[in-house]
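One structure below.
We just call them A, B, C and D in the order they show up, numbering each chain from 1.
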């Protein structure tokens, strides 16, 4: 019997498995430019806070905007379902671990109140901040009028897997190209991970793409559904789509790696792999200012049908200012993210993010064997 | 001295090492068709409960059949060796861990009673359920008359490694082609893992193949014998054999991945790798209705010569209904398996199982380092 | 600057990373032939007990010979340095862990007594057993006359790394070809791991080769020296050398994989990778009859200059009879090794060890994450 | 849509993943030559102690020089910032773990005193020892006059990532070629990891290169910045650069692998991968004579902006004499490093370090699963 050619599976990579190779020249960190442009909007810092209720509320959105970055307010969470959102957040935070998923399911089953959508957006705008908001595809058509009337600056349409084409009998799919044409603010869409899905969505006219699905262990999408793609590979592939689209259209659509980054090292790897921006959740959930007060949960946690992920205690480690700009005495990479990004770029000899995409990323499994930690190479110098 | 070309070993993959890439379009889960056909029998749900005494008895076989799936009753276990099978199950369940293998060896050394074989089958049939039963090759000839007389619907001939050709002096081997011709009900045979063994068995006229050998850590076949093949590779290879056989014969013989799936994610990966159905053991052993009452043991555990595997406490987590169809507040992928399968298919943009085989499976090692769990990417949205 | 072609490193494999694929036919275990020939000597069982003081003494050598296998008595250990060897063994066994290396260094620094060499060999021969003895290259010339006078049957010349050529000023190297010509009994030499070293040694006229260096974690050669080669690759490479030598000379020199096998699965993998025999240490150290009484230590542990490895408590698990032939209620692969070998051969459809070398060995990393053990696939049937 | 060719990432390797294959001949360890030449200076032992305050002070520099190796005194640490350096070291050693980074940041923010630079160098020279000192690029110009006036023998210019070209507005970069021409003592520069950076630096006229960046788990450069390159790959690449430069210039510039070696095995692997020398930190921090008294911290730990790494308790295990030359009863590879190097070279059949570079290094993941440690292959003999 002739043996067939067996199917080869592609190897994909996550943050823990790669490292950035330093460059042949070095650049002083203070000479690096890390700006991110989304449509006409310029962000001084290419970092975006996740549309998660433990991470972003009106206050943190305002503070982050003033620091030069962006926070996305989720319009289908406690902020728009409950007038007294802090009370509800407290209920979540104090729920016993064994009941928390059921409690989340109950809390999130409440309807969205359009007047609260308007109210939250207006509060952010009134403070002079840039306002970005997030909705799922199913609710987009209904909420867009409220969102634009309240003068939000950026619309994020987000679901676990988003594609330009969707087959459904139960409701008319959202047509992205129509959406992008019908409103004047930039539309960011996600999440997606593959070259072709990313390219197709860019062709619809979006202003940015969120990259990543089920990247980590706390989000259980991969455990529940088997679906996933590690973040480094997802970012590399979507960056190729962005470059291909730029070549065909002359329009540069930034890609934003979303999820799975637990420290500055992971964040730097995302940029070196091709990201123009990053979306962080758990790192910001650790801020003193975070609405989750040291707790964190995903937006697919409360799904009534197929809950994925749970509430996690991440603790509170520092202020937003320290997390983003230092100074710090923390040595695990969770503070001074901007300093880390500029230093890594300096080591790679690049002066802006697009040049950073040319840095070499290598496969370099990390050694995490507990007992060996102290033994390994203190050989780093200033 | 000229160095020779060193032997290259083929890399194989298990569930933990792969992920399913989402598709370029998405489909609403409620528009997916997940039917499985075995011969003329149609199952609404492509899931089969293992022929293990802790998983399947007469009652669970009846309940599962009514839910649209299949449970296989093992005809060489406590159900056919003991009239009072529940008493014996209790003895197994309450045995101290240090003595359990010896107790299992003693219990399973009793002879099969043909009248009990008939009685169990008839009980299932009387309830209007589809009745599938399992025997080992050595006992097949002897038991087939009883099985057909009692009007079982499906015969499963199962051993750790099954091939179309067997060399033995001590007994006349079972000739599969003769068996398949001699009886009118569909014959499922297994287990097998390789392309050529699978193809040969299909040519004998079987109606289905069980795929997999020693896939997990609890089954110690690999530790005792060194023999094994991870389930993703086994499924990919046998799927190629099925497709080759379909091309040569026009007959589509479903392959059923058996063993090693611990959650919905693993199950979805089996389908994406090419399975037409899956056989689950430990997940069903956790059902409230399971005869093992939270305990689970393999059928090769009690081997008097070379016991492999032991009794394991899996606990009881939910009803069969919850495990299969939800609703659930469990987020680890052990409940609402059907919902998970339909959602994963939706993310891959496919509408039936055969189309699901075209989804891309990638190598994506999971990060399981304990201390990192909470840190990793909560970035999943609805 | 033109980037050079970076050096590619060869990937090597150990037992934990591979599995044996079952065959396209199956054979009844009782129809397999597992004989091993060393020179003119036929062993019914292709298993050899290590020349280690915790494993082999006069009594166990006699018992194993009667069971059809071989035990090698180390002629540079406590048996030939001390008349009252049992007293010395007790001292080792009862030494506190913190002092044991220093105590071993002191005990093993005693000189070899030639009269004890003769006495131990004669005791084994008197019992009608096959007597194999082991010496290091440096002591071979001096001890060979005693060994041959006492009528040992097999001479093993063993050091961590053995080659056909050795550069030294301090002593005249042992010339293997002269040794092999000068004595009439078969000479087994080792250890070696590479194709070319193995081929060169075979050309010197030896009757067998021990394969492997620093294969495991307990032997710290790799930690101390960085030198090593995983056992599957070492076996595959030396098997190629054996086959090449057989082709050039017509003489079939068996290779014996030595070390790193912790259960029947590992042992079966060694055979499938090309071994004609295996040498086991720690498994036999667990026998009720073992001189180490549940303790085990390597022969390079007491090196006064560079001790590698330490005394380890392995415990006592069963009799030699159970370990080799069962019956057993142990399910972890440490008992009934002969049954396991025959069963694995049956699953691969082969009838003798040389045919077993054609079985496919695949790379299949084992999943050992503690918490997942019970969850993984109980799907093994008889 | 045509799928693009996805980007392939290069696989890199660290010490834990490789092993050295023994050779086809063996050499007596006492016949190996392990000399290292840096410029005109000959070291009997190719090992250099790190420029870290817990490892090297005036006393240890003198002792190590007398033993034939080199210790590098850091000129920007406690020795040159504080007259009473021992008092400051005590403060560091006794700081509570939670405050230690902040305390280090405060202590290291003091200015360098040039009179102390001179005093420390002169103390070493007065004892008749070879004196090597280390500075960062930013302080080199200022300190070189003091260093040369005090008659240091070797200058090390060291930062985390060093390149021949640096972009900065804030200060005039250090021009290496000018530095090398302007002073008469050998200049060692580092750290670097890539082929091209290494080659460029060699062309500037340096006498040696330090290889490695963030190689280990204790140094958190990789966690904070994502930047890194495992030591085996870094060494292989820089060795290629050294050989290319030797071919183009006729000048042989030794490369010194710096960091990540935790035992003799790692050290031997560095040499086999192409290193001419190694720089060790944590192993020497364990010496009875170490100024850190069992504690160890990196020089980038106290960075005020982005601290990386922390103070670690390594304990005290033996004297410098034992660590370097034995004798020892320690079996974990942390003592008798010189004996280990000579033995490994003997196993590989090589007589000097440059010949050792031709040994084959293979990829051979270590098995570190805790529970398996004792089980694995005691099969090592003398």
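We take it that a residue touches a chain if its C-beta (ideal position, glycine included) is under 8 Å from a C-beta of that chain, and two chains touch if they have at least 3 such contacts.
Here the structure is a predicted model, which is why all the values come from computation and not from measurement.
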| item | value |
| --- | --- |
| Fewest touching-chain hops separating subunit A from subunit C | 2 |
| Most remote chain, CA-based centroid, reference being subunit C | A |
| Superposing rotation of subunit A relative to subunit D, computed on C-alpha atoms, to nearest 5° | 90 |
| Inter-centroid spacing, subunit D versus subunit C (mean Cα positions, whole Å) | 39 |
| Length of the line joining the C-alpha centres of subunit B and subunit D, rounded to whole Å | 55 |
| Two or more partner chains touched - positions in subunit D | 1, 10, 24, 196, 200, 233, 368 |
| Chain-level touch network, classified as line, ring, star, complete or other | ring |
| Complex contacts: residues of subunit A adjacent to subunit D | 10, 13, 15, 18-28, 30-31, 195-196, 199-200, 232-233, 236-237, 240, 244, 263-269, 272, 326-333, 336, 339-340, 343-344, 347-349, 351, 360-369, 372-382 |
| Subunit D residues within the subunit A interface of the complex | 1, 3-4, 6-7, 9-12, 14, 16-17, 50-52, 76, 101-102, 105, 134, 136, 158-170, 191-194, 196-197, 200, 212-231, 233, 258-262, 279, 281-282, 285, 296-301, 303-310, 312-314, 368 |
